[in-house]
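Below are two complexes that have subunit A in common, paired first with subunit B and then with subunit C.
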Partner chain A sequence: MLNNSFFYFLTLQLYKEKSKHIAVVLLSLVVIFLLSSVLFISSSLRYSLFETLEAQPDFVVTKLKAGEPSTTPIDWADELLEIYGISKVTPRVHGRYFFKSKDKSFLVVGVDFLEEQSHKGIESLISGTDIKSFLSGDNMIVGEGVKKFLEKNYYRNSYQFLTPKGVFKKVNIVSTLTDKSNLLANDMMIMPQALAQEILGYGQDEVTDIAFNVVNPDEWQNINDKVLELHYDLRIVSKDEIKKLYQNLYNYKGGLFLSLFIVLLLTFSLILYQRYNMIYSTERRNIGLLRAVGWSINDILKLKFLETISLVLISFILGVTLAYIYTFIFDAPLLKEIFLGAENLENSVAFRPVVEMGVLSSIFFIYAIPFIASVLIPVWRVAITDAKEAML
Partner chain B sequence: MIKINSLYKKFNRSVVLKDINLHIKLGETVVLKGVSGSGKTTLLSLIGGLDRPTQGSLLIDGEPIHKLPDNFASKLRASKIGMVFQHFNLLEHLSVAENVMIPLIPTGLKVDKIQDRVNSVLKLTHIAHKKDTLASRLSGGEKQRTAIARALVAEPQIILCDEPTANLDKANSLLFIETLQRLHQQGKTMVIATHDPLFDNLPFSSRVIPMVDGEIVDE
Partner chain C sequence: MIKPFLSLFTLLFLLMIAVLFHYINYNFTLEEKKLNQIVVLTSDASLALSVGYDKSREIRSSTYNSIYPELSTTSSMEFVYAQ
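What follows is the complex of A and B.
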């Protein structure tokens, strides 16, 4: 290949016009980098969230009061167990506790450590915790964001909750969750279920909701109908509905970024168009010259195509690599805030490296096709019409 | 070698070439003389296959270049025709040697063979000492010698020159004519479009063809 005259000339062209090509590569690199970073973050978040959702129970039941979710009687769990086909019925206690003076809130999650089903969902979060010593007193495990926030406010090893009865309740912090769980558990406080009930003001026979699974997925609709018949003030939400909610959220965000990208792409094409118009007269003469000395239209298009595809590949590889480093090694400063929105507590989410081939090929085609077309179409037009340009 | 019969060329409504009939034999040197706008350059571009006539025929070595598809016309041009332009038309960002090798790139020759050919043609045109100099840094005469080297590198039988001395001083113009004489001695067929009086009485030119308003007036 090194002795191939065409490739020799191609490398000559790339090298000798390096300032022009470097400018094009830098411009393209910015576009690829931004697009790749956004798609990497989006894929990573989607992957993490949907993986978590997958581990969620099939249905969640809540009591409604005046159309709003209210505390749910724990007895409903027994009624649910009586329906054939329902399994893993789990009463759950969770709710937000407000830190009024700083306008922040924590997610208090009560876990019944004696019931296997109750803590299965957060098993991975609390793995490594000594359950016996945890249950020996009023203890809790907190997310990294909670830990940092409390430390800033001089609560190092414990926190004083003010219960709805107006009583202070001191709870010890026995450990902190790893930063890998920050996406979901940054503002979480995990504690025994009875303690959570006390802090959130629930009675002994009250829970936030009751989760359950259905053994046969074909029976989902039947079970859903049967459960609805139990109580007039019961609301049932399926895992599919929650998934759809998140999907809609991601479609909205995806659409937003797609719109932004189209604007970016148009700007990029405009810059390229201007750039090629600027050099149009020289380029026309050079193409005319190549035709005059015996190059066919195909030869010229081949040269320009190889020249452009080389620039596209260089920009693509560099852009994607930089985006990978920016997103997964440096945790995407600036873009992270846009994606995660205003966080309740300071969050140091570590994006899980997820690279989908579909996403990579989309980036390549969305960028490469307009770029190659914006170069080759004018070249082709000049080559077919202005061969005698060299004579002028 | 070149046979032109009843050739017309129109651009929109204006007729640029009218009823051109011209036969040029192998080894002949023909000077097309005329003022600017007389149609000399258009006729050269038709002979070189860069444009197509509106009417008439144009044969190069028996091949109707005006009817050939682009790929074949380009091959014919690459193998049989060398062109020298008024503005030299060198790629300014490339060196002398790199400019000269351009016609050989699509031929599929290996790089080392191309370099051998380029070196020998640079010696022939007395520009070998500037081999690695960028075209943008050459004088007018040096650019012209580079352009001639480029026209000769594919060893074509026909050389077409369009106003070759228009951008040269007298000394360089005379040097150029000397080069043409050497090419004539080598048996090249040459067609030179010019209005430079230096070409009026060339010792080696077989014909001077005056052109006025797109017509050959008196051969």
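What follows is the complex of A and C.
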């Protein structure tokens, strides 16, 4: 039966009722496109984030005051170094600087460029810029979002910070980070640690927190307990806890997926309803005609199955490919704001293509099975009745 | 198969080829390298979410010290032992 004339008849049948099919395909296309786009954005962000988390220090220690994070004494770094098993202790200085007139804020990050690793890091980040001149004055490197925002506000080459002491501090913009790092560095201002301390109002012996690594992963819990014994007013956060927090954040965002799934299921109910209605009018007569000219029940079911699977495949392939193009080529305008926000600086993130086949196949089966069933069950009911009766 | 459907399936096939071509030719290592450079330099991998001043990067402060200010509880038996 599956010869050329059969396919010709199948496509002819589809083409004849194209107005009805186009409506169904368009409806399914919109749902699949939206759902796939959201899943693509979520997978891409999660993948990039978890990969970068691997490079982050294992633990971060912060001093608490009244239950809130406070400035951490830099001496704690020496205490941490004395614990056997701890390596690469890095005091970090970072905080937000508020641009009051426009209600926007930047993340000021102080880096100790005298450290060998930081020196190498900055060299690779701003290749083409003279490192010596960068380190000699009050200079900073900014993320793409900061650069665009400052340029809009006529700060092209430098910015005047107002320190907590009420003094203006002019800092030159030496370089802009590439847009490939926007996911982490869009709102970042990277500068020498002493300068960041001055801008954020920290003392010379104060830092925001202290990061460190533990050489043996099996010793994490042991080191965690030892560090907690150092002071009562410290908080220690491990990399695993941060991973869990991000996972929870995505679960929260997953509420959106759920609402889209509900829309998807509602669409299927609609299709189901439409199909049940149609089977009692024109399609019922068509099936009766086919039975009268000698088609078996099997042949009719094959025809209807292939007809439906063609529609399912067309809408699924179109929906997923359009979602891919929208997310990974056009960087998901509008939808990305659900994940990245739009209250502060504009962030133009280039999403890394991540296609999770498991998720895609789940969408396909959730979509295809009710669709096919909603067509084949009524068709089978009509096909088993007498041809004369079906045509009435 | 009638002509309009042949054209439609060809279009779908071309779309899929274009997507596959984009995926294969995407420079995964460059982006990964740039992000890792930022993390190594700043020792921080938190997302640059575009959220309000008071909410930004609050992922850092949303955990707490599990033992602070946990102090050993004094039970009534301790007074007995003390006596």
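Throughout what follows, the second predicted complex is superposed on the first by the 351 of 392 C-alpha atoms of A that agree within 3 Å, B and C clash if a C-alpha of one lies under 4 Å from a C-alpha of the other, contacts with A are read in each partner's own complex, and residues count from 1 in each chain.
The criterion applied here is as follows: contacts are C-beta pairs under 8 Å (C-beta built on N, C-alpha and C of every residue); 3 or more make two chains touch, one makes a residue touch a chain.
Given the structure is predicted, the values throughout are model-derived calculations rather than measurements.
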| query | In the superposed arrangement, does A:Pro69 touch subunit B (first), subunit C (second), both or neither? | reply | second
| said: Is A:Asp233 touching anything from subunit B or subunit C once the two structures are fitted on A? First, second, both or neither. | reply: second
| Is A:Ile297 in contact with subunit B, with subunit C, with both, or with neither (first, second, both, neither)? | first
| said: Quick check on the superposed pair: does A:Leu12 touch subunit B, subunit C, both, or neither? Answer first, second, both or neither. | reply: both
| task | Tell me which partner A:Leu289 touches in the superposition: subunit B (first), subunit C (second), both or neither. | result | first
| task | Could you look at A:Ser87 and tell me whether it touches subunit B, subunit C, both or neither (first, second, both, neither)? | result | neither
| message | So in the superposed three-chain picture, is A:Val109 touching just subunit B, just subunit C, both, or none of them (first/second/both/neither)? | response | second
| message | Once the two complexes are aligned on chain A, which partner has more residues of subunit A within touching range, subunit B or subunit C? | response | C
| said: Once chain A of both complexes is superposed, is A:Thr267 in touch with subunit B (first), subunit C (second), both, or neither? | reply: neither
| query | Which partner does A:Thr163 reach: the first (subunit B), the second (subunit C), both, or neither? | reply | neither
| Intersection of subunit A interface sets (partners subunit B, subunit C) | 4, 8, 12
| task | Using the touch rule from the top, collect the residues of subunit A that touch subunit B in their complex. | result | 2-6, 8-9, 12, 16-17, 285-286, 288-299, 387-388, 390-392
| Of subunit B, residues touching subunit A in the complex | 41, 44-45, 48, 50-51, 70-71, 73-75, 77-79, 81, 83, 85-86, 89, 91, 93-94, 98, 101-112, 114, 150-151, 154, 162
| Where on subunit C is subunit A touching in the complex? | 1-2, 4-5, 8, 12, 15-16, 18-19, 22-23, 26, 28, 30-32, 34-53, 56-57, 59-65, 67-69
| Which bits of subunit A are touching subunit C when the two form their complex? | 4, 7-8, 11-12, 14-15, 45, 48-49, 51-53, 55-57, 60, 64, 67-69, 90, 92, 94, 96, 98, 103-105, 107, 109, 111, 117-118, 121-122, 124-125, 143, 145, 177-178, 180-188, 190, 211, 228, 232-237, 241-242, 245-246, 249, 314, 317-318, 321, 324-325, 328-329, 337, 340-347, 350, 352-353, 355
